[in-house]
Structure formats: structure tokens, C-alpha cells
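Below are structures written as C-alpha cells.
One chain, subunit A, links the two complexes that follow: it is found with subunit B in the first and with subunit C in the second.
Then we have the complex of A and B:
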């Protein structure tokens, strides 16, 4: 417990606390604006963190993560435009509540639910992470390889679009990481004669291009869209004891669902909210009310999407495996700061591992305070003129990427990946597996090759080592289940057509 | 259905991915045979290229039957007119801005102010009344960014 208290004590210093506050506040504001995502904000902030101490940088980014996911409920509730995909489920009941003149109540429920979800998942994060990191220390190359495989396959099968498109995105992400020095033996490969490719493609231009640039040019298409005017007061935002009792079971169930979904590699807050919403609906005595402005729907969605952050941080700090796309970017941030994400983080850099845990806790408390007291003003952010916002973001993309490597090659790469991201969006190919494939590709390759070297080419450890076999089995099931389910649906459809 | 992707786009992208896979596979043929371990440097690129090609073929196979049945749903009275051309023009202007900086034609300050003013003017529907605000915004943003990055972060902007 001592390292945790030490990191909490450090957080209460002026500078880290300011960064955390700024991070949460920025996250909330950006999360509130439809079209601007948490991923985009964190990606764009990464270049600025080079000049900070690693702990401070991570503190800032965690603050943004918490703020961004929570802030997205504002537009979802008031305008039925989820600020980020994490709040899609909130629109189902939050917006109807708002239409019924209960905006404050919907926001109050959502903010409290976000806070409860965050605190419960923090408890899981703080309790489970140290022993899990110890367990992960016993993992060898086969366990790591199969874990990466599991992350990619699960993300591909559960993210937006089809499984096939998800798998293509993951393969593409891995391929993009190939140019440059082979991480196992140092052999130069796939540079196509370009000197700039010898050091490979950097994380930042690829990330900023795929997430920020593609999103900006997509948003510019609808730049004339103006949200309808909505006014929000403060009355009725705070919940009383009766409210807490009424939604208690939903709070706890959704927190557990959210944390669990977050822990599963590669699956983000949107899936957590979706599953939690379904669980709340199926266990409700009045399921027909869901979707019509039912309080339980808002609670389920908002509790789970925030709880998934804490859950997703568990595999990140214990094994170096991202629980979501934002976590993949956080892994990138750790690497950029010369830190090795994974079980050794607790022994080599405990201030970072425990710093993440502490920042998540305090970030949630700050988020609750800011959202409860400032949501009236935050709602006004929705009406910021898009033209100025977009122009500023493009400028920051260009300067930010240039600043990382002092190279215009990176800026051109960013623009290319902006186009790639845009095209992927147009054909509904998910970006999540692409980014996670890009980040995890070197781990997968290095671990597989080390494993094969140790076993002289045998793949038997995939079946004989308990953890590796379990991860491998989950990967196979995750891959085959959607195909089986599609086949079953097609068969049923054929049968019903034959009967008709 | 509105949320369905145009199969022509899927086929075009899949063909592009297959071509990309072939290029990756072809260039990885030159890599040396494995010497110290069983896989070697070429295994991953070749494996990924094969998997990606196969998956792309599946997309094409699934998209072809939809070519005849697909109908794009266009909203006859959209609330806001989409402006794809504006997006393309701003993309091209961004490329020009980066090129101008990369080839040293202009330094960051004038290029930034000019670029932001032009794209701001275009994004505010070429409203001349808003132009002074756009120019003011461009000057403030460019000058502030320049000083933050050069004085605070010690980045040499061109």
C-alpha cells in the first residue's frame, strides 16, 4: 500500500494536481463536442508531453481519458449526438429525458453514474493490478504472443463493422509497422529504398493521421451543422439517498460489467455500455420503458463506460496489453517516455504504475466536481464555431507531429494516414484493430520468434502451457463464434424462406 | 439500406489491399533466409500479406452480389448540405501548406497566417464580414503557437 500512498501524496503537489485538473477539464470539454474524441485529444497532447516528467505526462493523459469519456454524455443527453462512441447508449434514454424537460436529472444521473463506475473500477484496479503483475512476471513468450493474438481477434470480432473488416484492419496495422529494422535480429526490411523508412514509421504521425486528421476532414463535410439551442440549469442534478437506493443494484452491476469488459483486451467503453444497458434492460421489471427516457438506461450506460476505463487500465499496467484504443495510445506514451509497459513496470517504475492508479482515482473525483458544478457552462461548448475549432486542430496536428521528430517526413506520413483513416471510416472498417495491430505488432513478432527459438520451431506450447492454451482457445473461439453465428442466422433465414 | 457501405467502394478498397499485399510479399522475397531462428524476417510480412489478400477476396466475394441490389439512400431535404468539396479543397490547401514549409518557400509565421486565413474564410462560407475575425484568429493562433513551441518547448519551427 505504501507506494500507492506515496503516489497519492505526490499527486497532491501543485504541478501534478494542476495537470490532472487541466487534463480532466480539457477531456470534458473535448468529450462534449461531437466529432472530437478522447482518442483525438490524447493523441494530439502526446507531443506536448515529451517535455514533461513521465509521471506528470501520464497524469495529464489519464485525466483527459476520464474527462473525455465522462464529458461525452453532455451532447449525448442534450442533442442525441454522442460526444464519443462511449456515450451512444446514453442517447437512448438521456435524450428522451431531455426532451421531456428533464435534462438536469439525466445529466445528474449520468455524472453520478460515471463517478460511481469510476470509483468501483478503481477499487478493482488498485486491488487486482499488483498481484496480476506478479503473475504476469511468470509469463513467457508464448503467453505474450497468445495474449496479443487474443487482443487483436477479440477487438476485430467485437468492434464496429464485420469480423473480416476488423481482421483486415488489424493486419493492415501490423503491416504498417513492418518497414524498418526487424525487432528480433536487426535485419532491415521493406524500406522500398526510402532512407526515411529505415527507422520505421513512428507512432505519432500514424495515430494523429488515422484519428485526428481523418476525423477533421470528415467533420468539415458537415461543417454547417449547428446544434439546436438547449438550456440547462442546476436544479435536480444532485441525487438523494432514495435515488442511490433505487439505482444501487444497477450501479454495482454496471460497474462490474464495465470493469470486466474493460479488462478484456482491446474492447472499449462503447461495448461496455452496450452490454451493461442490455443487462439492465433484461433484468428490469419494465424493460419496455428502456429507450423512452428511462433513468435506469442512463445509469447503466454511463456507469459502465466509465468503469471500463479502470478495467482497461488493468491489462495495460500489468501486462502491457491495451484494454482499448486509448490504452494503446497510452502504451505509446509510455514507450515514448522510455518506459516499458508490462509487469516489470511495478518493479522498475512503481511511481508510474501507482501514479496511473492514483491519477485515475483523483481524476474521477475532479471529474465529478467539475461536471456537477460546471455542466451549465460546459453545455455552451457545444456551440463553439466549428470553423475556428477545425482550423486550430489542423494547425496543432501539423506542428505537433513536426515537433516530435523535427521532420516533415512525419507530417507527410500523418497526411497519408489521414487519408487511410478517412477511407477506412467510409467503408466502415474499424480503426481500433488497426491501431492496436500497429502498437502490438513488434511484441507479437518478437515473442513468437523467441518462443519458436526456445522450442526449436515447435508450436506445442500453444497447447501445453496453461495460460497460452487458454488465451489461444479464447482467440479461436472469438474468431469462430461470429462466423458460426452468421452461418446459423443464414440457415434460419433460408429455412424461413423455404417455409414461406 | 442507409448504413450499408457501397459495394463498389468495398471492392475498390479490397483490390487496393490485394495490390498492397502483393507489393509487400514481393519485396519480402529479397529478405535473407532464417539463420538463427526458425521464422526469419520475411515470415511475418509474407504471412500478413497472404492473410490480408484472402480476407480482401472474401470482402469482394460478399460485395459482388450486392452490386445489383445496392441503392444509395440520399436524403432529398437534408438539414445541412454536406460539403465534400470543401473538405477536399482544405485537404489540398493543407498539403500545399506543408509543402511550402517543407521546401522552405515561406517560414512558419507568414505561411501559418495565410493558410489559417484562407481555410477559415472558406469554412465560414466565404463571409466577408467574418474575414477580419478569421484573420485576427489566424494571427493570434500562429503567433502564439510559434512562441509556445520555440520558446517553451525549444522546437525550431521553420
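Then we have the complex of A and C:
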């Protein structure tokens, strides 16, 4: 417990506290503007953190993460435009509530739900991480490989749209990682003689291109679209005891679902909200009310998407495996600061591991304060002309990418992946699996090959090591289950048509 | 006095500016060269900020600025990628006037010996070695080996019974190969990229042996590892009780220097000036003290001697790679 208190004590100094406050505030503002995502904000802030102490840099980024996911409900509720994908589910009931003149109530519920989800998942993060890091130290190449495999398959099958498109996106992401030095034999591969490809395609240009630049291309198409004006007051935002009682079970269930989905590598806030929403609906006595402005729907979605942040931080600090796309960027941030996220983070850099945990706690409290008192003003941010924003953002994209590697080649890579991301969006291919494939496949490849090296070519550990075997089995089932259920459905349909 | 000095400098600066304007030059080319440096010197580092190469470059630049050894500041440009080959190429493309230099080490020789790229020492101008450091071989503190002899005896009795955490084709790999060849034992490998990954593999019992720089070892020792052998030419002050491989009868050394390089045919006056200030820097109390406390060896080797030594090391590495069939061609034959 002592290191946690030490890091909380550090956090209460004026500089880290300022950074956290600024991070949360920025996160909320950017998160609430449709078209600007948390991922974008964090990728673009990263180069600015080069000259900060590592702990301060992480504090700032965690603040943005919490603020961004929470802020995105504002536009989702008022305009039916999710500020970030995390709030897609919030539009289902938040927007109808707003239409019925209950904007304040919807936002109040959403903000409180975000806060509760954050705090519950923080408890899991703080309690589970240290022992999990110890367990993770016993994980060898086979465990890591199967865990990543599991993450890739689950992500592909759980993200929006078809399994096939998800898998194609994941494979594309994995292919992008291939050029450069072969991690197992130290030789060049697939560089086609380009010296610039010898170091492979770096994380930041690909991520900034795929997320920020592609989003800008997408927004340019309907740059003149102006959201309709909505006014928000402050009345009725605070919940009373009766409300807490009414939604208590929902709060707890959604927090746990969100945390759990967050822990699973690769899948993040949007899927957490989706699953928690359907869990709330299926356990409700009045499922037909969901989608018509039902309070429980807002609570389920907003609790879970925030809870997923805390959950997603668990694999990040214990194993160095991203729990979501934003976490993939946070890992990049740690690496840029010369920290190696993994089971030893608690031993080698406890200030970072506990710094993340405390920043997440205090970040949630700050988020609650800012959102409750400033949501009236935040709602106005929605009407900032996007043309100005986009121009500034593309400039920061170029500066940011150049600053990471001092190389203009990276800027071209960013632009190319901007186009790739845009095209993928147009053909409804999810970006999540693409990025996670790109980030996770080096881990999978290195671990599998080093495992094979150690066993001199035998794959038996896949079946004999208990954790590896479990992860492997889950991967196989998650891959086959959708195919099986499709087949079953098709068969049932056939049977029913036959009867007719 | 100071005022006069300043104004003289300003006049000189103005004159120099005129001299550089095409067609107005009043000085001969040689006189202009004598004023090196005329603009900030860019030191390329092929790694992210924070590693040894970066840290040493920053300390040197800071020292030179504080002691006013050069009239212009030195700026660190981090250009990571392809094991520093990217930064090296940027420097090779620069004008050889001494304003763009490279701070690297012997990983260039490894890449060359492994034929990963075609960068060769003779493409550069060697400014000199500014100290260097050597690695240690470690095992878990709880391991039943207390000396290198224990470990080798065990491996000789049970070939391939222990695993080494190595990134293939890098220093840890080639050091292990050389020691194994010299002592006549065999290990298995498990891939592990960075120092932290090697430590995790070692502590998690997925590997039994791992190599760390002596400085890295000092930092990681409290986690439960012990060093059995030091690969430096001589013992170092910060780990006085770790014997060198040479003392134990194996001629396996690796003294990775901080090598300062410039593009080929770099201006002679500039090279000499850079060598003299770098030498002054490493000989200073502050820098040599920092080197000693970080298990590094502070020394200065002049450019030509450094080049000669590097070519010797390269020839040796090429032989190791060839003798042990580590390159691609052999792999395909298998």
C-alpha cells in the first residue's frame, strides 16, 4: 500500500496536479467534439511529453483518457453524435431523453455513471494489478503468444460488423508490421531494398495516420455540417438517494462488465458499453423501454465505457499488453520514455505503475467535478467550426510524427495510412483490429518464435502448459463460435422455411 | 574588458558573415575553416533519448557548453531506427565540414559482420573513442552456480540444459557464441529483445543466463541476479569482485566504445578540433567520475587508432559469424 500512498502524495504537488487537471479538461473538450477522438488527442500530445518526467507525462495522458471517454457522452446525448466510438450506445437512450426535454437528467445520469464505473474499476486495478504482475512474471513465451492470439481473435469477432472484415483488418495490421528486422534472426526482410524500411513502419506514424488523418479526410467530406442548437441548464443533474437505489444493481453490474471487457486485451470502451447495455436490457423487467429514452440504458453504457479504462490498464501495467487501442498508444508513450511495460514495471519503475493507478483515481474525481459544473459550457464547444480545428490538427499531426523520429519518411507513412484508414472506413472495415493487429503481432511473433527456439521446434507447450492451453482453447472457441452459431441459425431458418 | 571582448566578437562575426556571402568573400577558404565551428554542431544519435549512447552525448554536449570549449553549441538529434543505421546514413549524407557528426558504438560492426547492412567503418571519418563499457553474464541469485566454472562444468556435463536469453544477431548473442566456442559448451536460446525483457525471462525462469551491460547489471542486481563473468579487458571499480573472462582463461572480450564519427573525408581541422574538445571533456573530473560510477571506462583513443581497433574487431566478428554459421545463407542450407 505504501507505494500507492507515495504516488498519491506526489500527485498532489502542483505540477502533476495541474497536468492531470489540464489532461482531464482537454480530454473532456476533445472527447465532446464529434470527429475528434481520445485516441487522436493522446497520439498528438505524446510528442509534447518528450521533455517531461515520465510520471508527469503518463499522468497527463491518463487524464486525457478519462476525460475523453467521459466527455464523449455530451454530443452523444445532445446531438446523437457520439464524440468518440465509446459513446455509441449512449446515443440509444441519451438522445431520446434529451428530445423529451430531459437533457440535464440524461447528462447527470451519464456523468455519475461514468464516475461510478471509473471508481469501481479503479478498485479492481489497484487490488488486482500487483498480484497479477507477479503471476505474469511466470508467463513465458507460450503464455504471451496464446494470450495475444486470444486477444486478436476476440477483437475481430467482437468488433462491429462482420467477423470476416474484422479478421481481414487484423491480418492487414499484422502485415504492416512485417518489413524490417526479423526479430528472431536479426536479418532484414521485406524491405525491397528501401533503406527507410529497415526499421519497419513505426508505431506513431501508422497510428496517427490511421486514426487522426483518416478522420480528417472523413470530416472534410461534410465539413459544413452544423449540429442543431440545443440548450442545457443545470437543473436536475445531481442524483438523489432514490436514484442511486434504483440504479444500484445496474451500476455494479455494468462496472464489472466494463472492467472485465477492459481487461481482455485489445477490446475497449465501445464494446464494453455494447455488452453492458445488452446485459442491462436482458435482465430488465421492461426491456422494450430500452432505446426510447430509458435511464437504465444511459447508466449501463456510460458506467461500462468508463469502467473499461481501468480494466484496460490492468494488462498494460502488469504485462505490457494493450487492453484497448488507446492503451496501445500509452505503451508507445512508455517506450518512448524508455520504460519497458511488462511484469517488472512494479519492481523496476514502481513510480510509473503506481503513478498510473493514482492518476486514474484522481482523474475520475476531477472528471466528475468538471463535468458536473461545466457541462453547460462544454455543450457550446460542439459548435466550434470544424474547418479551423481540422487545419490545426493536421499541422500537429505532421509536427508530432516528425518529432518522434526526426525523419520525413515517417510523415509520408502517416499520410499513406491516413488514406488507408479512410478507405477502410468507407468499406466498413473496423480500424480497431487493424491497429491491434499491428501492435500485437510483433509480440505474438517474437514470443512464438522464441518459444519455438527454446523447445527446439516443438509446439507441445500449447497443450501442456495450463495457462497457454486455456488461452489457446478460448481462441479456438471464439473463432469457431460465430461460425457455428451462423450455421445453426441458417439451419434453423432452412428448417422453418421447409415447414412453411 | 568584457565589453570590448564582446564587441570584437560581434565585429568578427559580422566579418565572417560577409566572408560567407558569395562573391563578397575577403578571406581565403583556409582562413574560414580555421574558425570551425561556424554554426551549431549536430550530434546524431541512432537511438531514442535515454539510452547510454544518448546520455553520454548529452553529458558531453553539456560539459563542452559549460566549459565553453567550443564557440557553438552541440545539439543532439535522436533519429532511432534500424539499429542506428538510419542516423548513420543521415550523417554520411551530410557535408563533411564537422558540423554533422555521429555518436555510435560497435553495433555497426555487428550489423556488418551479420551482413544486415552495408555500413562499414571505412565509410566514415573516425574522430575517436570516448570511453566505453563492457557487459557481464548473469544468472539468478538462487541458481546453483557461483562461478563461471560451475556453470561451464554443468553445461559440459549436460549439453543444452540451460537457456540463454538473447536477441539473435546482437552483442548478447555473439558474446555467448564466442564464450561457448572458447569453453566448448552448448546452450539453447530463447529470444528476448530489450534488457528488461531479458531480466523478465531470467527472473521468470524462462531463461537461465542473460547478458547485461555492467551499468545495467548494477541497476538490476537487487531484483535477484548475480554476475559470473565480466567481458571487459580489465576489472572495473564498480564491480571489483567480478573476474574478467580473460582472467579465467577465455580470450573473449567486448569493450564497446563510445565512437565519434563523421562523414568520410571530413575537414581535417574540424576533426582535430572536435577530437581535442572531446578528449578534454572525457578527461575532466566530472565526466570521468560519472563514467566510473556507471561501470564505464573513461579513456580517449585518437581517431586513426580507434579506426584500426574497430577494423580488427570487425575481422574478429566476421570470423565468429563464419565459424559458427550464424548468417542467413547457412540457415537456408539446413
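Quick note on the criterion: the second predicted complex is superposed on the first by the 498 of 500 C-alpha atoms of A that agree within 3 Å, B and C clash if a C-alpha of one lies under 4 Å from a C-alpha of the other, contacts with A are read in each partner's own complex, and residues count from 1 in each chain.
In the analysis below, a residue touches a chain if its C-beta (ideal position, glycine included) is under 8 Å from a C-beta of that chain, and two chains touch if they have at least 3 such contacts.
Please read all numbers here as calculations on a predicted model, not as lab measurements.
**Q** Would you check which partner chain A:192 touches, where first means subunit B only, second means subunit C only, and both and neither mean what they say?
**A** first
**Q** Please work out whether A:237 is in contact with subunit B alone, subunit C alone, both, or neither, and reply first, second, both or neither.
**A** Once the two structures are laid over each other on A, A:237 reaches no partner at all.
**Q** Based on the superposed arrangement, let me know which partner A:330 touches: subunit B (first), subunit C (second), both, or neither?
**A** neither
**Q** Now for A:388: first (subunit B), second (subunit C), both, or neither, which partner does it touch?
**A** After superposition on chain A, A:388 lies in contact with subunit B alone.
**Q** Thinking of the overlay built on chain A, is A:406 touched by subunit B (first), by subunit C (second), by both, or by neither?
**A** Touch partners of A:406: subunit B and subunit C.
**Q** Check the residue A:223 against both partner chains and state whether it touches subunit B (first), subunit C (second), both, or neither.
**A** First partner only.
**Q** Which holds for A:453: it touches subunit B only (first), subunit C only (second), both, or neither?
**A** both
**Q** I want to verify the contact counts: of subunit B and subunit C, which reaches more residues of subunit A?
**A** Between subunit B and subunit C, the winner on subunit A residue contacts is B.
**Q** Is A:423 touching the first partner subunit B, the second partner subunit C, both, or neither of them?
**A** The first partner, subunit B, only.
**Q** Is A:313 contacted by the first partner subunit B, the second partner subunit C, both or neither?
**A** Neither: A:313 stays clear of subunit B and subunit C.
**Q** Which subunit A residues lie in the overlap of the subunit B contact set and the subunit C contact set?
**A** Overlap of subunit B and subunit C footprints on subunit A: residues 50, 184-185, 187, 406, 449, 453, 456.
**Q** Along subunit B, where are the residues that touch subunit A in the complex?
**A** 5, 9-10, 13, 17, 20, 24, 27-28, 31-32, 36-39, 41-42, 44-45, 48-49, 51-52, 55-56, 58-59, 62, 79-84, 86-87, 90-91, 94-95, 97-98, 101-102, 112, 115-116, 119-120, 123-125, 134, 137-138, 141-142, 145, 149, 152-153, 155-157
**Q** Can you name the residues of subunit C that touch subunit A in the complex?
**A** 48-51, 77-83, 85-86, 89, 114, 116-117, 163, 167-170, 173, 188-197, 199-201, 203-206, 220, 223, 328, 331
**Q** What residues on subunit A touch subunit B, complex-wise?
**A** By the definition above, subunit A touches subunit B via 48, 50-51, 164-165, 167-168, 171-172, 174-175, 178, 182, 184-185, 187, 189-190, 192, 217-218, 220-226, 385-388, 390-392, 394-396, 398-399, 402-403, 406, 408, 411-412, 415, 418, 423, 426-429, 441, 445, 448-449, 452-453, 456-457.
**Q** Mind listing the subunit A positions that touch subunit C in their complex?
**A** 50, 137-141, 180-181, 183-188, 195-196, 198-199, 202, 335-338, 340, 342-344, 347-348, 405-407, 446, 449-451, 453-454, 456
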